[in-house]
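Below you'll find the structure I mean.
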Amino acid sequence: MAEIQLENITKRFDDVVAVKDLNLEVKDGEFIVVVGPSGCGKSTTLRMISGLESVSEGTIRIGGVDVTGQEPSDRGIAMVFQNYALYPHMTAKRNMTFGMNSAGSFTDEEIEERAMSAAEILNITDLLDRKPGALSGGERQRVALGRAICRDPQVFLMDEPLSNLDAKLRVQMRAELAKLHDELGTTTVYVTHDQTEAMTLGDRVVVLDGGQLQQVDSPQRLYDFPENRFVAEFIGDPAMNMIAVDVADGTASHPAFTIPLPDADSLSVGSSVLGVRPEDLYLADEREATSPETFEATVSVTEPLGDSLLLHGQIEGHEFKIQAQPRRTITPGDTVELGYDPDRLHLFDRDTGEAIYHSDPAVSVTPPGVTQ
Amino acid sequence: MSEQSAREVFTNNKEAVLLLLPTLLVIVVFLYWPAIDTFRLSFFQTSLTSERFAGTYNYIRLFTSGSYQNSLLVTFGFGFVVVAGSMLLSLFISFMLYEVDRFTSIYLITAIWPYALPPAVAGLVLLFLLQPDLGILTYWIRSLGAVFGLDLGLDWRTSGPLAFTVVSITAIWKQLGYNIIFMVAAMNNIPNTIDEAAQLDGISRTNRLFKIYVPLMSPTLVFLVVINTIYAFFATFPIIDLMTSGGPGGATNILIYKLFIDAFENFNLGYAAAQSLVLFLVVGVLMYIQLRVTDRYAHYG
Amino acid sequence: MAKHDATERDAVDQYASGSFSDALPDNLWMHIGLIASIALMSLPIVLAAIMSTQSVSQIYEVTNLAPGGQGVDNYTRALFEHNLFAFMINSFIMAIAIVVGKIALSLLAALALVYYDFPYKNAVFVFVLFTLMLPVPVRIVPLFELMVNLDWINTMWAITVPYLASATAVFLFRQHFMAIPASMVEAAKLDNIGGIKFLIYVLIPMSKGMIAGVGVITYVYAWNQYLWPLAVINNEENQVLQVGLKSLEGTAAAGQIEWGLIMSGAIIALIPPLIVLVVLHKPLLETFGLQQK
C-alpha cells in the first residue's frame, strides 16, 4: 500500500492540453474518485499514474518513489479496465494469472495460491474454468477485479469499471467494491463520469474539468460547499438552480424577489449568481416555513419521479426546478407558493464562477479543503 | 488520444525493425528491385549474353508493332468481356442467393466453389468438353443449333472469334466464385430496414436489384471491376496457354501471353521489359481508379 | 399442395402487403434459378469427372455419359506414369511453405505496424501496400535473372521465397488487430509482456479465424500458380502440378488423345484446393467480409 503524489502534472497531445498543472495527493489506503465530464482529462490522469501514458511535465510518486519515467510493470499498480480487457480464449483463472510470472517475481505455487484467495474474496471459485464468453457481465467484472487483486499491488487503478454493467448490477457492484476496499484497504484511484458513483464510493472526490482540478473534497463537502459553479452544477441531480442576482448589503435582489443572505450583512458584490438546489426549494404548504418569505411560481412541467415530484417552475420567465413531495395533483399551468432553506444558499462570482458565499453556518467552522 | 495511439505501447525501435525486416527484405529484393530493374532493362537491347543501351528503341518497336497493337486490342476486348460477363452473371446468382432463405449455406458453398478452381484445370476441362469433334458440349450446342436449322461448325481452333469466345467463357466461369463471395457479403451488409422499406413500397425484384442494391454495393462493385480486370489481364495466362497458345492468328494473344513468349521463348528481354512497364501502367491506373472511387463512396457510407 | 394455386394466392398476398418474401412459392423461381445456375456451373466438372473414368474408345463415342471402367487405370497412370503424384507433392510443399511463411511474416509486420511506436510508420505501411502494384508480370524478366544469379532455377526457393511478403495479408492482419480493444495490449503492458509474447499468447489465439481465412486465400493462390513456375522450373522432378498438367496435354495412345487420362489429371489438380475451400469456407467468408470495410 502506498500514497500517490502528483506534482504539477501536465499532459499535452500535440496542441491539445489534456491535463494542466495538476497537483494531487492520495493518502495511503484512501479510495479516491476522479470525476468529470468526458474529455475532462480524468482517464488521461489515471493512465499517467499507470504509466500507459507518459507525462509532459511534472512528477508522479508512488509510495514516495518517483515513478515518472518507470515502466508500468515497475510501478506496483494493477488496473481494472472499463471493458475488463479479459482475453476471450483464456479461462477466468488463466486470465487472472497470465502475465504474473513475466515479471519473474512470483513462483507457480504463489500464483496459484493468490488466484485461489482472490477468487474466494470475490466469490468466483466455481467460475475459474470458464472462459469470458460463458460469464455474465458482473462475473467478468469480478474476474477483472480478481486479476488486479492477485497482483497484490500498492495501488488499484480503476477506469470506469462499472459503466458496462446494467443499472441494477452497477448499484450492486458499487456496494461490493466499497466492501472490498474496506477489506483490502488498498489505495485506489477510481475514474468515473457518474457523479453518483463518485459520491457513494469516494473517501474523497476529485472533480476535473477541461484538464484542470476544480475541487478535491469529501462527497458531502463537495455537495454542501462547492468551490465554484462547475462543481455546484456537476454534483447533484437534478442540477442546482442558478439565478443572476444583484447583491448589496447582504441581500440578493432579482426583479421578482429579494432574498436576505444570512450572516452576510456587509456582503456587497453586485452582479453575481445565486445557487439553490431543487431539493432546497419546497412548496410552502408542505412544511413549516423556514424562509422569511415565499414566492409564486407557475408550473410548466411536472415529472413524477416516484419518491418525489420534480416541478419546473417559472418566475418572471426564469426556470427553476423544485423537488416537491410525491403524489400531489399539480398540473402544468398551476401556480404554486415556494419556500426555500435559507441555510442552503450559494453565491458565485458572475465572471469567474468562484464561490463567494455559502449560507450554511458550518462553512466557517470547517475551513475548505479539510476532510470531515 | 486517438484509438490507435493507445495500442502503440511497445516503444523499442530495434524490435520493430526486426519484426518488419523479413517482410521488407522480401519486398525490396523480390518486388521493388526487379520492378525498378524492369524499368532500366526496358531501355536496353538484349541477347542471351549481352545487353546494350538502346534508348527508347523497345518502346518505338512496341508501338509500331502490328502484333503488339493486336494484343492490346485483344486484351482490352477480352478484359471487357470477362469483367462484364463474370460480374453480371455473379450479380444475378448472388441476388438469388440473397433472396432465398432456405438451404442458404448449401447453395452458397455450391455456388462459390469455382473460387478453388485452378485456371489450368478450367482451361483443360473446357478444352476437352468443347473439342469440335468429340466434345460433348460442342455436340449439345450443335444439336441445339440444328433445332433452329443452323449448321454450326464450331471449329474454334481455326476461327479467331470462336476461340476468343471460348477462352472468355472459360475465364468467366473460373471467376464466378470469387465475385459471388464478395457480392453476397456486400448484399448482406445492406441494412435490413432498407430492404423492408422497399418491399413495403411494393418495389419489384428487378428494380430492387438495380435501383437499390447495385448503387449500395457500388464500392464493392468498383473493387471487383479492378480485381477482375487484373485477373483477366494476368491470371488467365494458363487458360490461353493450354487452350489456344494465343491463336489462331493472334486472336487470343493477350499481352501477358505475348510478354511471356517474347521473354522466355524469344529471349528478347528488353522488349519484354518494355511490355511489363506497360502492364505496370495498366495496374497503376486501375488501382488509382479504385482508390479514388472507394474514397468517394466512403464519404457516403 | 397445388403449387399453381399457392403461387397465385401468394402473388395476391405479395401485392396486398408487399412483404412475405420468405413464402416458399414466391421464391420458387429463385430456387429454380439457383439450382439451374449451380448445375450449369458444375456441369463441366461433373462431365470431366465422369469422363475421367472412361477409356479412349468410350470417350470417342462422344454421347456416352456413363461412368467407364477405366477410372482406376486413368488415375493411377496419371499419378505415377505421368508423374502427377510427384508434381502434387511439389505443389503441396510450395503451397504450405508459402502459406506458413506469408502468415508468419505478415503477422510480425502487422504486430509492428499496430502495436509499436516507431518513426516513419505510415511510410513503411504505404511502402508495403504499394507492392499491390507489382504483380509478377510487371517484374518477371529481372526476377528471372535474379533467380539465375541466385542459382535458384529449378529449386523450391524460386517458387516460394518471392511470394512470402504480402500487402494483402499485412493489411488484413493490421485491420484485425486494430479491431481488438486497446485495453488488451495495455493489460499485457502492465504485466511487462513483450511484443512477441503478446503475439503468441494473445493475438494469434484471438485471430484464429482471420489466420484460417488468409490461409485459404493464400493456399488457393499458391496452388493455382502457373506462370512463374512455368518460367523458373523446367525439369520434371521439381515441377508443380498446374504446370505438370500441360505435359498431359499431348498424351496420346495410338494417335488418339487420351482425354480420360487428362481429365483425371484435371480432377486431381482440383481436389486439394476444393477440399480446403469446403472445410474452411466459413473463415474465408468472414475474412472477405472484413476486407470490404
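Assorted remarks:
Labels A, B and C are assigned to the chains in the order they are written; within every chain, residues are numbered from 1.
The rule is simple: a residue touches a chain if its C-beta (ideal position, glycine included) is under 8 Å from a C-beta of that chain, and two chains touch if they have at least 3 such contacts.
Because the structure is predicted, anything quoted here is derived from the model rather than measured.
Taking the mean Cα position of each chain as its centre, A sits at the greatest distance from chain C. Legend note: the chain whose CA centroid lies nearest the centroid of all displayed protein CA atoms is C. Taking the mean of the C-alpha atoms as each chain's centre, chain A and chain C sit 56 Å apart.
Centre to centre, using the average C-alpha position, chain B and chain C are separated by 15 Å. Centroids of chain A and chain B (each the mean of its C-alpha atoms) stand 60 Å apart. Counting partners per residue, chain A has 52 as the residues that reach two or more other chains.
Residue positions 6, 9 of chain B each touch two or more of the other chains. Among all residues of chain C, those that touch two or more other chains are 186, 188-189. Contact residues on chain C toward chain B in their complex (touch as defined above): 15, 18-19, 21-22, 24, 27, 30-31, 33-34, 37-38, 41-42, 44-45, 47-48, 51, 59-60, 62-63, 65, 104-106, 108-109, 111-119, 124, 127-128, 131-146, 161-162, 164-165, 170, 177-178, 182, 185-186, 188-189, 194-195, 220, 223-224, 226-227, 230-231, 242-243, 245-246, 248-249, 259, 262-263, 265-266, 269-270, 273-274, 276-278, 281, 284-285, 288-289, 292. Within the complex formed with chain A, the chain C residues making contact are 181, 183-184, 186-193, 197, 201-202, 205-206.
Taken together, the chain A residues at the contact with chain C in this complex read 50, 52, 71-74, 77-79, 81-85, 87-90, 98-100, 102-103, 147.
For chain B in complex with chain C, the touching residues are 3-13, 15-17, 19-20, 22-24, 26-27, 29-35, 37-38, 41, 89, 92-93, 96-97, 99-103, 107-121, 124-126, 128-129, 131, 134-137, 139, 173, 176, 181-182, 185-186, 188-189, 196, 199-202, 219-220, 223, 230, 234, 237-238, 241-242, 256, 259-260, 263-264, 269, 272-273, 276-277, 279-280, 283-284, 287.
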